[in-house]
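Paired with chain B in one complex and with chain C in the other, chain A is shared by the two complexes that follow.
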Partner chain A sequence: MAQLRLRESQITKIHYLTGILALFAVAVHILFRLIMPFGQSLTFQNVVANYHNIFYALLLEAILILISIHGFNGLRVILIELKQSPKWDSIITILVLVAMIGIIAYGTRTIVIASGL
Partner chain B sequence: MSKVEGRIEGKEEEEKRKKITLKVYRTNYNNKKESPHYDEFEVPVNRWTTVLDALLYAKNNSDSSVAIRYSCRMATCGSCGMNINGKPSLACYTKISELNKDVIVCEPLSNFPRIRDLVTDFSQFFNHHKKMEPFIHNDKVSLDVKDKDDLVEFEQTPEMVEKYLQFSYCIRCGLCYSACPTVATDANFPGPQALSQAYRYIADSRDNDKSSRFKIIDERHGIWRCHFAGSCSFVCPKGVDPALGIQLLKGQMLGISKNNKKISNLRVKDKQ
Partner chain C sequence: MTNVPHNKDLATANSGREGLKGWLNPTRYGWERVSYWLQRLTGVGLLIYFIGHVYETSSLTGGINAWNSMLQLTQTLGGHLFLLFVIGASTFHTVNGIRLIFTESGKGLGKPGRPDYPYNAASLNYKQKSGIWVAILLACVAMLYGGMVLFSEGG
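Moving on to the complex of A and B:
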């Protein structure tokens, strides 16, 4: 188990990288509205059509994963500062990991159902 | 002029001098009956009077029980750190005339356990400093010194010294530690002083044990908890920039900054 534990510098690298990539992915996601007349981009039919586009679904999945990793690690960092004990650190890390996996799984399920795969 | 006349004149002159009010935080954690409060002292000041001078005047003339820690009176020992008008400062290095206030408030340093009045407990701070192993690690040099021939010297160029010099000016006064917002919430965080000392030894060309130094600071409550508020550099009385050291250290750990440190050669005996 100790072998699997990431060093804090490795976690920080992941945190920075996911933050930058999420910014890029969200920018592409917003730019998707420009491939059609802007006023119509959020109509029901167009949104459903976007979800059925495999590249768009993959982009949403990427955003979901990147933001979940980045956001939940940020939450972990805030929470471990509240108390200074190794037990608290481990509990918070496990809880945050479980919550992150749960959110990614639920979000992935939604994307898969919406895309009609 | 007789001695008595001289004394009277000196007394009159003292009365003519500008007076300020010194508000001193008073408490004694060994005496639970004494609740924290401020005592006020009227102190005559000159252009060159420091806060420490004023405190000593109050101690000598009004209340000898005021507890202060001080030693060198020249910003070298780092003993007289306290919050002066809300800012962590050295009492011996802060002139009252520079504060431009008629009321000077002296409080114990934040982020340190308080003992009595302006005296705080530095144990935790020094433990963080010791944890950084503040000495040269070099596997080429034997620690087993039996006679003077076993002693060695390193060759260092001025450029090599320049890389860590400012960080070696640290006097361990604890002002940066007191100003750090991360230390305020996380007592396990080593603090700017200890981290800048870690950088000081990592940047030192005589030290060749970077990996073990990285391990010491690369932990959950280690260097990555620094939010880069920069208040440590703002309050340092010796011009050290701990925030810079921490950022450089982070850069090295992430592999962003170049690490082209050349380990110093040992000076051979025949050159001596």
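Moving on to the complex of A and C:
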């Protein structure tokens, strides 16, 4: 059976790319909180209005995916650095993938419900 | 035939791996090691914050009361101080991460040369060190600005 297996160099490139893209996406996300007084920007009505903007909802989804990939891969790298064995490598990779998919699914649920899609 | 020892402890002891003890050993700390530590600490901290933030914002689906009660937990002095830490950590992690991308692509490392006394490594030059200082400085500036926004009127 053909198996999708990325080389570590390819994973590193994905790590860099997700980090750089997340930087720009998070900058826009923060700007949405700063274009009005911070406290006012966090009112329920304003936040729901933000979510109803389809471009902002897509931006949130992008941030969710980018940071999940970047963050959980970073955690995988740290854990693999601490101990090396094929079994440990496989266990960590599977756990990290499950956690990543779980967070993306949970965050997507919030975005879908709050944006009224 | 040579008898090769298969003792697990012996194999671990000879592997040169120190695990977490190696991380925590403060006797070999230079700026690069401080940066290595901070990059990992801020990364793990930000991942924990990110998971918490996804959970926190999910209260939006519970309606205005659920949102407001969740907001009450974060709109406190402790919540603002925690957010300041997040601002500083994310700025340092970003700037130092960009430095690391350049470093790992071989940029700013210096030319290899004959190892002459006092054996200053070309890779640990002022460009690398100033990158770490810039990351720390920008993190402080971001925290200052964040503090002004969070603790000002309407923050």
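The rule we apply is simple: the second predicted complex is superposed on the first by the 107 of 117 C-alpha atoms of A that agree within 3 Å, B and C clash if a C-alpha of one lies under 4 Å from a C-alpha of the other, contacts with A are read in each partner's own complex, and residues count from 1 in each chain.
Here is the rule we use: contacts are C-beta pairs under 8 Å (C-beta built on N, C-alpha and C of every residue); 3 or more make two chains touch, one makes a residue touch a chain.
Fair warning: this is a prediction, and the values are worked out from it, not measured in the lab.
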item: Touching partner for A:Leu21 - first (chain B), second (chain C), both, neither; value: neither
item: Chain B versus chain C as contact partner of A:Leu95, first or second or both or neither; value: neither
item: Touching partner for A:Leu75 - first (chain B), second (chain C), both, neither; value: second
item: Touched partner set for A:Tyr51, first chain B, second chain C, both or neither; value: second
item: Partner chain in contact with A:Gln84 - chain B first, chain C second, else both or neither; value: both
item: Chain A residues touched by each partner, larger count belonging to chain B or chain C; value: C
item: First (chain B), second (chain C), both or neither touched by A:Lys13; value: first
item: Which of chain B and chain C A:Ala62 touches, first, second, both or neither; value: neither
item: Touched partner set for A:Gly39, first chain B, second chain C, both or neither; value: second
item: Doubly contacted chain A residues - partners chain C and chain B; value: 12, 16, 82, 84
item: In the complex, chain A residues that touch chain C; value: 12, 16, 19-20, 23, 26, 34, 37-40, 42, 44, 47-48, 51, 64, 67-68, 71-72, 74-75, 78, 82-84, 103, 106-107, 109-110, 113-114
item: Touching residues (chain side chain C, partner chain A) in the complex; value: 17, 19-20, 23, 40, 43-44, 46-47, 50-51, 54-55, 57-58, 60-61, 64, 67-68, 71, 75, 90, 94, 97-98, 101, 104, 149-150, 153-155
item: Residues of chain A that touch chain B when the two form their complex; value: 7-9, 11-13, 16, 77, 80-82, 84, 89
item: Chain B residues within the chain A interface of the complex; value: 182, 185-188, 214, 218-225, 253-254
